[in-house]
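One chain, subunit A, appears in both complexes that follow, with subunit B as partner in the first and subunit C in the second.
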Partner chain A sequence: MTMRSALPLAILASLPLIPLHASAQTCSCASVPLLGSMQPASTEGDEWFFATTYEHHEISDLVAGSSTVPDTTGRIRTATALVMEASRGVTDKWAVSALLSSVEHKRAIGGESIRTSGLGDAILLAKYSPRRISLYSDSALSFGFGARVPLGDDDLARDGVFLSEDLQSSTGANGAIAWTYWAKAMNDSGSAQIYTSASFTANGDNSRNYQFGDEATVSFGGSIQMRSPWGFAADISYRNANRDRRNNFEIPNTGGDWLDLNAGFQYRVSESLGIGFGGTFPLKRNLNDQLQFTTSYAWRASVSYVIGSER
Partner chain B sequence: MRRNAGRKPRRITMRLAIGLLAAIVSASPLLVTHAQTDGDAIRLPNPDGRDPVFNESQRDNLIDITFYESNDDTRLTLSDFPARLRLINYWATWCVPCVRELPSLSRLDERYPDNDLRIVAISLDRTETQEISDFLSTLSMPPLDWYIDRSRQSGQAANVVALPTSILVDHEGQELGRIFGSADWESAEAIQLIESLLGPD
Partner chain C sequence: MDALSGRITLVPVLLVTALLTAACGGGGGGGGGGAPGNAPAREWIIPTTFVANGGPGKDGIPALVEPAFAPISANSAVGPFDLVLAVQTGNQVKVYPQDILDWHEVVNETAEGAPFVLSYCPLTASAVAWRTSATDTDPTFGVSGLLFNSNLLLYDRWTDSYWSQMLQLSVSGSRRMEEPTNIQVIETTFATVESMYPNAVVLTRDTGHARNYDNYPYGNYRSNRDLLFSVERGDNRLHEKARAIGIHNDNQAKVYQLDGFGSSTQTVHDNFDGQPIVVAGNSAESVAVIYSRMLSDGTILQFDPIQSDLPNIMQDTEGNVWDIFGTAQSGPRAGAQLELVKSYSAMWFAWVAHFDTVEVHFN
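Let's turn to the complex of A and B:
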């Protein structure tokens, strides 16, 4: 018998709060940052968790170092993604998660425009959760490790010329992921929690010897589930990305540091079904080299569903 | 837009990933079907629409679970509540469905003499007794004797994993079955369940 969440509901299937992170994109990042769309809490034994998230990233800020440079060209740079997650609790402590993405990029300046779309990358993650917040524990701890797998195209071309990596739907490269999550209940019911998470992604080369920079993220925040169906969460996340490389040579104007505010809410339609909305807003950036386009803001809407065995 | 000709063969990892995703997605309807198929399970009505199921016996003996008198912290066990049938209800003031079912539980308590059915309502709150009493006084319901387990040891011993949980126990302390979630204890289904577990006089 597992210990289950002590949220203020008769929980037969626990519905976690929506994920908040949608890390800022560098101008060279082909895919939407999938890991940020994954639910932080680990699915419990005999449970299934499904979520579909629509993400929109506005990538219009032109930044030199930590300064925003005025851009009056009226250009449009967006990335949208549909991210689907399925997670299965294998045992009380182990769960597996799979994320699948479909990505669309738009770029327009003056009369010129380009739009690409297709299947993006996928993430496969094994999660180990030695502790969960329950009636008998006020903290949760999870570790995850897995792989990012390129399912989509990384060789889209126009007029016989390959498009740049940031217009491909997939990175085209495998990656290794390590992830950890810790949360502590701040009240008797566990409805108020603080949490922190960290992740590291090491990226490989794609078929054209392009390698996205390795990434590390750390976030810290809190969430509260009201006695009503409403839940709120907010955190601050720091992300560091190395410069991208081609043929082992660093690509200028890629990589840097980002500090973002993520905030969102969720409405529980039922004990199993939730809808959520959240946004990411940059607080501070320090990007490598002379000039980079980066995320102005991002928002996401999600629907999540838990299927749990009745006990 | 066209795709570049002469693509490399897809990687093995790609096939594995697609296979795993397909397996997860294709297995989910089977699981949904399985979760919804509960045969002749006894469901007790719930005003919220999610009727909890009476899960028959785990056959644990709960006669020695320890909890405390709410007023003076006297140590109690289930053997202090002799009856043909006992209904242990785990609840807390912060648990909305628990609070919702308490009135019907207290009215069920009124319906049966103590030697037939004893309701042992155990709060897992960690707050002061007075605070809990004050909270209960705001509810429109007949008085209900309640007990407390701040350490939550009895809940752990009884394998209570979510609130509310109601456990039906026979005269020897043997568990007959349990219900996860809020139930309407005044409903015909609940009375029928109690009567069937009480058996003939």
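Let's turn to the complex of A and C:
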């Protein structure tokens, strides 16, 4: 298998159909979905990778512990994000990625509605990939570490009063991110893979001393690239989020545990260009304290483009 | 290679351009009377620095309207030591368990043709009831989703004016500076109110909303020292969450610790803002009230406590016996009503946060 013929596999792994981190912190104090749009695989040396992802999160499930309860208020809560990523392979083992986001939140209840939008957070990530799936290796391993930088507003206001943190376009806080990704080819061509990933996000305080809870995520799944341009992937992800804090005090009804099913497909338009569509569906949740709004489902559509080196 | 460089340059430019375009509508926006962006559409008479968005949004905590009541004798949901609120409308005493109010905060009702609203803020443990205007097309109040000094801001659905529960004042909107007319609210335990008023009715859990009223929604907030929102000022003379009944005017308050009355009923004669008042309380029964001692004819009464005869709590030197709702049950002034003052019980931190000067009687 030449490097050129391996490219579609890279695209499949790269397409953000499956969240690296099913990160929609969509409890009652939601943040912006962001890291979920970042590609898990690393970019090879002298390659450029670009991806644009549109994410939509429906945050309408009212959950008491692990039980969904009817919401008699009929409210609407959504978060959408346009996330753009650029990665550059510095060497065959090292790559750097930058991710920018634009976020929109909508809330409606009764006759009241509110919409906020703006630049969200950015992520800067360094990736180290000591092993890739190739003719010489049937597994891939990547590590990433970096920072989340709040580029957007965290002081959006209405009627002269700051909106709650889950309506701000940016968290307003710096954060640290670490993740790892491992994949194994299940056939000679590497078109079938299983993979697992884990990530951890530590969040700082914003200017109003609000801190989103730190998060840890683990996922396990598989992907397959058909002989046709179609590819499919699915995984199960587990996410744990600590309670948010304000003035260093824990905020009730935030944080908890989520088990989600993520599934998606991609269509390879050319060796360099791929489009994809995926979704996240909750399997089980056990959320802290008495009542939280959380994600009912999420879907995402992506376009990715790889510019390879002339080797 | 040149062609490759050109592609590399072009793609990120297009991506960033698209991103910035998508972000161009940035800022807060909205319908339903909201103001876009950071431009305040409302005028506030309170510092907005300490007005916070609670999270659920306007009406995100659903207020109750004309909820169902059941005879107190039929109660099986409220424990004897659970705190409740009691309001007297005509000859009827209505009881509101706090474990239901934790989830709804506002109850709109009509009694004898007159609408009123009872509100309870679980973050400050304060409760008040106000008469509302029967001439309003919609005399009901809702939960604004905003807090001032961590205390409930209600809004009236007729003018969309915002009302500070603890200041008992409209703080924003066309009714700004307007003060509501109070109705006396008694806070005590279910066992005490049941023994005082065996014919009372109790707010039922049949609210139309799926909530687990057995569970308190704010964890250990009632006992820890944590505040969920920033407040104007603090004071460590008492534990932040210590319950105290108090009286207030625009910027001053005087409070009396609820556990400072002892196991027998006590009365305290005091003056607040030039007004003679009486404070009567019994820690064992978890009940306390404050009334003006001055009657409409100018008479200033002197009171002694009555033991073990609740709801009758004090008698005056004229021989009148007064109950906890401030009504003379017997004596020469039978049927008379003591003048209500701006009083309620609340957590200590909330008194300090709302009023410039707070004097503590029992320290």
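The criterion applied here is as follows: the second predicted complex is superposed on the first by the 283 of 311 C-alpha atoms of A that agree within 3 Å, B and C clash if a C-alpha of one lies under 4 Å from a C-alpha of the other, contacts with A are read in each partner's own complex, and residues count from 1 in each chain.
One rule holds for everything that comes next: a residue touches a chain if its C-beta (ideal position, glycine included) is under 8 Å from a C-beta of that chain, and two chains touch if they have at least 3 such contacts.
Here the structure is a predicted model, which is why all the values come from computation and not from measurement.
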item	value
Touching partner for A:136 - first (subunit B), second (subunit C), both, neither	first
Which superposed partner A:124 touches (first subunit B, second subunit C, both, neither)	first
Touching partner for A:86 - first (subunit B), second (subunit C), both, neither	both
Subunit B versus subunit C as contact partner of A:50, first or second or both or neither	both
Which superposed partner A:162 touches (first subunit B, second subunit C, both, neither)	both
First (subunit B), second (subunit C), both or neither touched by A:116	both
Contacts of A:297 with subunit B and subunit C, given as first, second, both or neither	neither
Contacts of A:220 with subunit B and subunit C, given as first, second, both or neither	neither
Subunit B versus subunit C as contact partner of A:267, first or second or both or neither	neither
Subunit B and subunit C footprints on subunit A, overlapping residues	48, 50, 86, 100, 116, 153, 155-158, 162, 307, 310
Residues on subunit C engaged by subunit A in the complex (per definition of touch)	1, 4, 7-8, 11-12, 15-16, 18-20, 22-23, 25-35, 37-38, 40-42, 44, 48, 51-60, 62, 146, 172, 208-212, 215-219, 221, 226-230
In the complex with subunit C, residue positions of subunit A that touch it	28-29, 48, 50, 52, 64, 69-70, 72-73, 75, 82, 84, 86, 100-102, 107, 109-119, 152-153, 155-164, 166-167, 169, 208-209, 246-247, 249-253, 289-291, 305, 307, 310
Residue ranges of subunit B touching subunit A (in the complex, touch as defined)	1-4, 7-8, 11, 13-14, 16-18, 20-21, 24-25, 28, 31-32, 35, 38, 50, 52-53, 55, 92, 94-98, 124-127, 152, 155-156, 159-164, 180-182
Subunit B partner contacts - residues on subunit A that touch it in the complex	1-6, 8-12, 48, 50, 86, 88, 96, 98, 100, 116, 122, 124, 134-136, 147, 149-151, 153, 155-158, 162, 174, 187-189, 191, 207, 227, 270-271, 307-311
